[in-house]
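Two complexes, one shared chain (chain A), two partners (chain B, chain C).
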Partner chain A sequence: MLTYIIRRILIIVPMAVAVSFLIYLGLDLTPGDAVSHMLDPTRTVDPEKLAELRHALGLDSPLIVRYWIWLTGVLQGHFGYTLTGGVPISSLLVDRLPATLELSGTALILSTILGSILGTISALRRGSATDNVLTVVGMIGVSIPEFFFGLVAIVVFALNLNWLPVGGRLLPSYDSYWDHIPNLIMPALVLSIMMTAGVMRYARSSMLDALSREFIKTARSKGLPEWRVNLLHGFRVALTPVIVLVGFRLPILIGGSVIVEQVFQWPGLGNLFVSAVRNKDLPVVMTIALLSVVLVLTVSLIIDVLTAVIDPRVRLGA
Partner chain B sequence: MRMLKATAVALLLQTALMGTVYAQALNGNPMSDVRVRQAIAYAIDKDTIIATVLGGYAVRADGLLPNGPFKSPNLDPYPFNPDKARELLKQAGWDSSRTLEMVFYYDDQVTANLMTVLQAELADVGITMNYHLLVGDVAKTLNSIPDDPKGKSVVTWDLGYGARAAIAMQEYFNDYATGKASADGFPGSPELDGLIADSNSSTDPEVTKKALMSIDEYINKNALTIPLYYQQLYAVESNRLNRNGEPHGNDQFNYDWNIQNWTVEPDADGKKVMYTNAAPVDYFEEPWVNLGLWAGNKMIWAHMLSAKPFMDGVAEGDLADTYKVSDDGKTVTFTMRDGTTWQDGEPITTDDVVWSLETALKVPTLHGVLANTFNSIEGAADFVAGTAPHISGISVDGKTITIKFAKVDPNVLLSFTQWGPLPKKYFEGVDPTLLQQAPFWQKPVGSGPFMVEEAKFGDFTSFVPFDGYWKGKAKIDQIIAWASGDGDANMVKNAAAHRIDFAITKAVNDLETLKTLDFMKLTPLDIPYTRMIWINQYDK
Partner chain C sequence: MSDVALSVRDLKTFFYTNRRCNKAVNGVSFEIRKGKTLCVVGESGCGKSVTAAAIMQLLPTLSRIEDGSIVYHSDHGDIHIERLARNGSQMRAIRGAEISMIFQDPMTALNPVFTIGFQIAENLRYHTAMRGRQLRDKVVDLLRTMGIPLPERRAGEFPHQFSGGMRQRAMIAMAMACNPKILIADEPTTALDVTIQAQIFELMDRLKREHGTAIMLITHDMGVVAELADDVAVMYMGNIVEAGTVEEVLRHPVHPYTRALLTSMPVLGKGKNQSIEAIPGSTPDPFDRPPGCQFAPRCPYRVDACATMPAETHTTPTHRTMCWRYEELAADGA
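Moving on, here comes the complex of A and B:
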């Protein structure tokens, strides 16, 4: 297994470089650049001055040169500066990453725990009223878009009941971390609703699949208690696809949830990414994209390893 | 013979009355035929568009200049008349198999609805129109023109929908000059060039006004551009806020709004906190690009002079205590006010002002009106070209700064109501081309009534009164501004949650909702902001 892990880690590097180049190339092919997005379209600006600005920002160099400068900078731990405002990208990450981790991490944990439990209950009580209710709730959760849940939650809990703040993350009056927990509750719950529904559906079908396997019958025939059959034998196997699903959701820890962040004015990386794409601020887009790529590749490796640990039938590198 | 003479005279008179309206295509592009352009004007039902698509939050426009003192009484309103449009198209031999391409750059639903209506109205008179949103290098796509005005168009669009928000009335028309790259799509004419020159060459407001009206009439008569409506700006204010008699004005620019005299009802702790929006998302924009657009910048910065609320003159001196314009309009003298300081306590000096003027000339995104004024200073061209170390037309004597202009700029005082200096010491070693990229803009040190206390980018910015502001310390204890771009999507939600005491908006959908909040007050502000359709007349 160790050889397999080392080999996979070594593959991550060239894959990350290749994917980052493709992203850079794709963005470069779209019309306009950061300078064209700084201008009011109805105002004509001296073309010579714009050329000077492009030169000063390094935008007049060939694609491969710009990419190489960016890549070598990143490899030395220097993410560069935003083109529009000259802000160090590392300081943007320091500002925005905690907000995104806080929101996405909470939602991910909540949804994983709740989804797994509810999905298992639903499977164990297949065909019952509980199963039907959970199935309907799950379908609703999957079907209704996040922004709708978000707006309804704002109207009910912030505007009508006045229980929670309407949006934002911080205020100057907040002295400690706990002060802004009320700001976190609504966006985290809204984000986790959809994620919970997905996990629940996966967990249910996976559990049903596991319960129909021969080894479950064998366990029962050995006289093991039902809870032990279900949880130790069934649930353990059923977890594999759930872990895959949750694992592939981990990149939102970096990318954030764009929609929820916008609805709740949450100052995370998702919002930053969207505005950077709109402004064609390539160093920002590339940094966030690269982090996501590395996370996806790493998570993919972790999932493979975890799957092998959980399910003894899986052999890595075979 | 007498009959023949009478006919000839009548024909001549008719021709003279038509002025420069040539009833034929001037090149291979049918849009160069005035009858086609007029047909489009007649085909559009502006009143219905305003009442339905725009919810009544706009005013019909017959000319480009706003209603008020500059409005010419001689404009043809082109009333909605599809029959006349069809007749004009028939006269022009319009090829109904031709499809016009309309472009626009607003990505909102109102614009999408407007495009649908325009498409249907033009189809009703026999014109097929497609439309699409411009993305990428919008300015280049809109404003590119051929080197030779008689050359082939370098863009594919036929019609462009856009706006002009002007601070100086000349901004509406200067781009129509021959050879000027712009979206108006007009190759130019000697007559219009002359009028444009007249509007820019006098400091006498009456002379300028007459020239501006003549230009608007020329454009109207020739249907060079089709004005649709004047967009109204709305001040959105809560019932907690009291401006204490300080006036409303054109909030897209800087005016004498005296925010230091505003008050808000105190909260439970007795603190007077005002909530607003438009705080920066990543960095503070330098104040010479979008003059006064961002409320935060208006709080931070003082200017050389203060403008009257609707930019119709100078209200008083600001950082400059007094000012004087010579009789020929070519020399402006400022005497700096005693005792003004930056928000770090350091004095504001004439050196800061001169350095800022020279730096502004090298900033690529300097606002057009400021650029016109500063480039008119004697020696500006040599300084920009790098052949002179300083601008020769600027001299300093004690507290007095004298600026000599190579040519008259009718907007010189207006420019100085919108422009103020930056503190030189924070920009040592900064390339003016990359002024916006300087670290200073993470927490600027300004000269206005409020200073930045804390900026949590993407979340909020907190402003507190600047004790040393020359007009006195502000009465509001703190301003919290939520981070947002232009056209804040979350403003209504924040207003409903009592988190907005002051904001401005032009968004029709927001206004409909805000009207239902009984604790919010909407004040319409008539500003020079005209939405229009540009017509590409270059040869195709």
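Moving on, here comes the complex of A and C:
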């Protein structure tokens, strides 16, 4: 198992490089560059000065050269500077990453636990009113986009009821996780809605599948109480596919956080990412993209290991 | 009555699907004698498994015990199983401890994510006061009794690490953990190799002799019946058409269906040209049953009287059948 894990970690490096090149290529194909976004469109600028600025920022070298410079820098731990303000990207990351991890992490844990519990309840009471209500709510959760929920939540809970702040993350001198909670509640809940609904539907069908198996009858024939039959024998078997699903949904969580961070003005990577894309600030975009690639690859490794741990039939490295 | 472990009287179990009613078990009576093996034989869909599930109150949700009684004669008096709540505490106290069950496919009947030892210990944990070291020792001891080599190591392994035969042995160990009075085996060897089958039956027979466990064995293999049974009940479309001791039923079958079953299998030593007679036709649609005797449409001895359901008639105190013409057939000999 250890060699398998080491091999998987080593594979992450070339995969991240390959994916990052594709992203770099894609960004290069979009029209305009950072310089064209810095200009005031109402004024005419001397083309020579523009060329000078492009040269200073290194934008006039060929794609491969630029990519190589960026890549070697990243591999040595230099993420570079933002093109628009000259701020070191690493210090931006230190500012922004905790906020995003806080938001996505809370939403992930919330949606996994809530989704599994609701899905299990739905499966155990299948065909009942509870099940039907949860099914409808789940469908709504899956099909309505997050920004809509976000805006509705702001109107209702922040503007009308005045229970929660409209957005933002930090108040001066409040900086522990618990201090963020009032600010965190709405974005985290909104971000977790879609995933909760997905996990719930999946947990329901996985649970129904587990409950229809023969070993449930065996467990009952041993005289075990219903809670143990359902929650130990049933849920334990139903859990494996749910965990795999949660892992594969993680990219959606990162993608969703871009939108939710915008809606709630959450000062995380998603917010930074949107402004960087608008300004064609390539180093920033690339850094964040690389980060999510590495995150997704790492999570899929963790999911694989976790699956092997909870399901004895799965053996790694075969 | 003291030698009877379980008596079933006029049991009716119906299934309700799409507003239609399938009378899967339609008035079945039998007794399981202490320390004896009762074989229930019949084609697929005749109600054998449903009868077993009814005794354990393990029926699917769309079915229920409609009528009749299932009385378990425990050491502390008679218990009417059909009156107990399906998963209530009284029913759970009987399941696994007094009456236990093994199933057809030991692969799917064992939970893949728990060790064999854990799954056996679970039974003991809920029915005995055993804990810790004592519990582990008992599990290993059970596995050893069931003929599983290296029981200490095997207890910590998962079902997928066991072969089919070993899994069924582990299932039997689980069922026998609390020394039940009755063991219900629902086609326990259908999913196994023929050589393994013999070993499993040998094991069950030994347990019956050593522990005095009454066995209800559901099978469709007449060879197994001849080998193991003390009593036989032949089921067809939800009725027991003939029942008696193994001698009576196999040597002097009176019901045409039993006869058909016996002539439909080859006998070793009779040579390759022996006539094996298949039963003509197929089992009727359970939603569109013949009005009288269920076997009448396929029966070579059919007469007009067969349009009404024959009553159960005893030919000897132990041998009974449901056929209008049993007297002629009995006189006719097998």
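One rule holds for everything that comes next: the second predicted complex is superposed on the first by the 299 of 318 C-alpha atoms of A that agree within 3 Å, B and C clash if a C-alpha of one lies under 4 Å from a C-alpha of the other, contacts with A are read in each partner's own complex, and residues count from 1 in each chain.
Rule of thumb we're sticking to: a residue touches a chain if its C-beta (ideal position, glycine included) is under 8 Å from a C-beta of that chain, and two chains touch if they have at least 3 such contacts.
Everything numeric in this text was worked out from a predicted model, so none of it was measured.
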Touching partner for A:220 - first (chain B), second (chain C), both, neither: second
Partner chain(s) touched by A:158 [first = chain B, second = chain C, both, neither]: first
Dominant toucher of chain A (residue count), chain B or chain C: B
Partner chain(s) touched by A:3 [first = chain B, second = chain C, both, neither]: neither
Which of chain B and chain C A:237 touches, first, second, both or neither: second
Partner chain in contact with A:81 - chain B first, chain C second, else both or neither: first
Touched partner set for A:95, first chain B, second chain C, both or neither: first
Overlap of chain C and chain B interfaces on chain A (superposed complexes): none
Partner chain C, residues of chain A touching it in the complex: 213-215, 217-226, 233, 236-237, 240, 310-313
Footprint of chain A on chain B - complex, ascending: 105, 134-140, 142-143, 162-164, 175, 180-183, 281-283, 290, 364-365, 367-368, 371, 431, 433-434, 436-439, 441-442, 453-454, 456-460, 462, 478, 480, 482-483, 485, 489-490, 493-494, 496-497, 499
Chain A residues within the chain B interface of the complex: 30-33, 36, 38-46, 49-50, 52-53, 56-57, 81-87, 92, 95-96, 99, 154, 158-159, 165-172, 262, 265, 267-268, 271-272, 275
Of all residues in chain C, those that touch chain A in their complex: 56, 58, 87, 91-97, 100-101, 103, 105, 108-114, 122-123, 126-127, 158, 160, 171, 174
